[in-house]
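Got a structure here, written out as structure tokens. Questions coming.
Letters A, B, C and D name the chains as they come in the text, with residue numbers starting at 1 for each one.
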């Protein structure tokens, strides 16, 4: 069970809605993934322009929590404005704060992310900030009252997976709200590693939408995130330098 | 579908039967894993001594293919003798050749493994050799006619996962029979990585039997092996040095 | 040539003065390392208490730039106070800003580090902040006017080496002042990797002082930092998936 | 001091002579590297054809031990024949056995390598086989009487560095003759890692000859191999999950 503020989810998959080859593939991938939380860029929505095609229109939105993000914001001010637009549309209960500091790496600006999160918390939003894996920044965000912490595994869309497992596990250790790994996941095993480290969930977009077969990859991710969580709960064997026999001599019934 | 010689399996999990805390846990873990192939050490069986407790007696053996292994053999001669004992018992259709060259690392002896495999193939066995990840050794084993190649990911029971992904992927590229990763797996993500590289299956023992909750870990492994296979089939995104936006500007419906 | 503000150094080794087994070993290790910049904790100095033993008294301080650090500070205010104490002692030209946010990980507090750096720059210090490998934080510190950026490779004294090469290389790409890798180095190869990525220098302490033979390790670090720099300048071969012969057939003089 | 059979060397660098941009660069890189052992492909030499340009003619061969290799051999028989040709030329005291099993990966054929080594040992050669990092194969080669073991770090010319540190350290632990890492090195840090693991030497070719500046890279490699060896002897600090302060509170002289 994933709990974010007052919301409860049985799935630990958060899925982005961008860059699918077509709407039908998008819809099928979302269905198959089992996700209950859809994230999308407010700036890409036609909330206020009815003439634009609506990327979400094929989806039965009543089935999902919508997690709009502030992609495109380069300052706290912009992020706050985008979040308020989203709320005004009546669609969303939560906001993913995303303030990008660099076009090339799409890594988050720590100061503006803190500011935007603080402001939006005051405004009563349920706030999930996308952050780097800086351990003390993540702590600050939790201290502000953020409802989840979303550290990146590696740059958005890079498919590099979890570069710094140590920082991610430090963040998980210190954090009492959910830690949801966001950005950089490339493969089902990457997602499983995040969960094995104790993450509460994984947010995916490009890894699914950019796969050769997005629908099949959505299923792969669903299963691997379940597998990773179960593996975390089941308690892995220790890592040893030398071998340990699986059929030890002392257990032999005869020789 | 996993095909080994004339046998077909819908599960890609191969499970060892050693070192479970008790028979009930062993049975439940095996059930939950969905495996259709059970591996066990011939030398630990009471095939020829009815007075010994039988580690497999609680299992409905009709449901599984039995894959006895020659664990304990230090030479081709011993391995061949153990294989013949297994066949004489009427239990098995296949033999996993395991000739250990070193007590500390439990790594296989390449020359004796080749010899034993050659001999057992002549005797009509379905032969699955446990081997190192030496690429040319794996090729030799396939050229002999082995029905699957089982390279170790890391030392048996070490939980170190797949150390050399390059060699494993070279072996998978060059091999036309199934490549089943054997030994060293510690976590569901390790198993998923093997499958994402294109392995046909994964053999597990300690990672499941030695987990704090073997039954839950068995389920985790089942799901991660499915996830890894689906991920392999689905075609992962490329790895990039820099980010790629999941909500690209050029797709924005308004700004 | 390493340039920090108006200072020039021919060595790229920065060496800490803490935790050596004894003063003679400390002195010899410093000599052998070739370092021209010594770092030490202001709070551990007996600058203002003549009755205390002076950890630096055996050194010919005229030979070195002294880089006092603000270790022990948990806030910008404390760091600024410590820096001013150091300057009042007349010893130093530079200050390494170190504001720790967590006792267990000794990772830096980003906000307090920014504040302290800003304040000390206003006061005319040459400021070298110890920071995480957060790319945008590093950019902010440079924008403030810091004279070098000192990202940690991994937690202080952990010996884990460079966990996130990507972030380190991003920081190096974007930064025009020297990037000096600080914290976490364990081995000569770790230091060489930092230099191969383009770092301008490496700060070492525990890796040398805590080695079994600190003097020999100091020499190893000196050589590896030179080697890494030369390797960076020499331009490495590309990484290839498959082999390329070193004795190609087409060059053969006969067959 | 590196000892191979009855030969002693103060340098731990072994350098290949292939693929330099020109003879002058080759000569300068060799000089700068400090190597005392030059390796070259017998098949590329004009030993028996005086009309061919001699790749080694600019070198003062009296300064070096020559280590001809059997590159191009695909069987033990070919390797033995090439080795005998080399001996007949009167140039060499040693032979590097290289029997390639695969054109794409240039990985060694284990069985033919064993056969060729056995035969050449009988013939009185000083035999240094290029082998994979298969631990038991390395043991067999030592048991035959080989005078050094030369496991590959990764495929020849790939620049991938040391993929499997565990196998390499197992081989070093078990072997009493020198273990010289051969093939796959890309950077000075790669070479340092080999030495830190306890290797007796490193053989380089493409990493130097293919660098943008081969002469500078040759110096980088010389220094990094020295650094790695010193680091091995100096005894590295342990790796810890959490930090350890370099300026501990309990040592503070005042607060």
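Note that a residue touches a chain if its C-beta (ideal position, glycine included) is under 8 Å from a C-beta of that chain, and two chains touch if they have at least 3 such contacts.
Keep in mind that this is a model prediction, so the values were computed, not measured.
K.L.:
Equivalent interface to A-C, which of A-B, C-D or B-D, with over half of contact pairs matching by residue number?
P.N.:
The same interface as A-C is formed by B-D.
K.L.:
Round to the nearest whole Å and give the separation of the Cα centres of chain A and chain D.
P.N.:
46
K.L.:
Cα centroid separation between chain C and chain D, in whole Å?
P.N.:
Whole-Å distance between the two chain centres: 33.
K.L.:
What whole-Å value do you get for the distance between chain B and chain D if each is reduced to the mean of its CA atoms?
P.N.:
Going by mean C-alpha positions, chain B sits 34 Å from chain D.
K.L.:
On chain B, where are the residues touching two or more other chains?
P.N.:
Chain B, residues with two or more chain partners: 105, 107, 155, 160, 166, 241.
K.L.:
Please give all chain pairs that are in touch with each other.
P.N.:
A-B, A-C, B-D, C-D
K.L.:
Of all residues in chain A, which touch chain B in the complex?
P.N.:
Listed in rising order, the residues of chain A that touch chain B are 16, 18-19, 40-41, 43-46, 48-49, 52-53, 55, 69, 71-72, 104-107, 155-160, 186-190, 192-193, 196, 205-207, 209-214, 216-217, 219-224, 226-228, 230-231, 233-249, 251-255.
K.L.:
Inside the complex, what are the residues of chain A that reach chain C?
P.N.:
Touching chain C: residues 101-102, 105, 107-111, 114, 132, 134-137, 139-140, 154-155, 160, 163-164, 166-167, 170, 174 of chain A.
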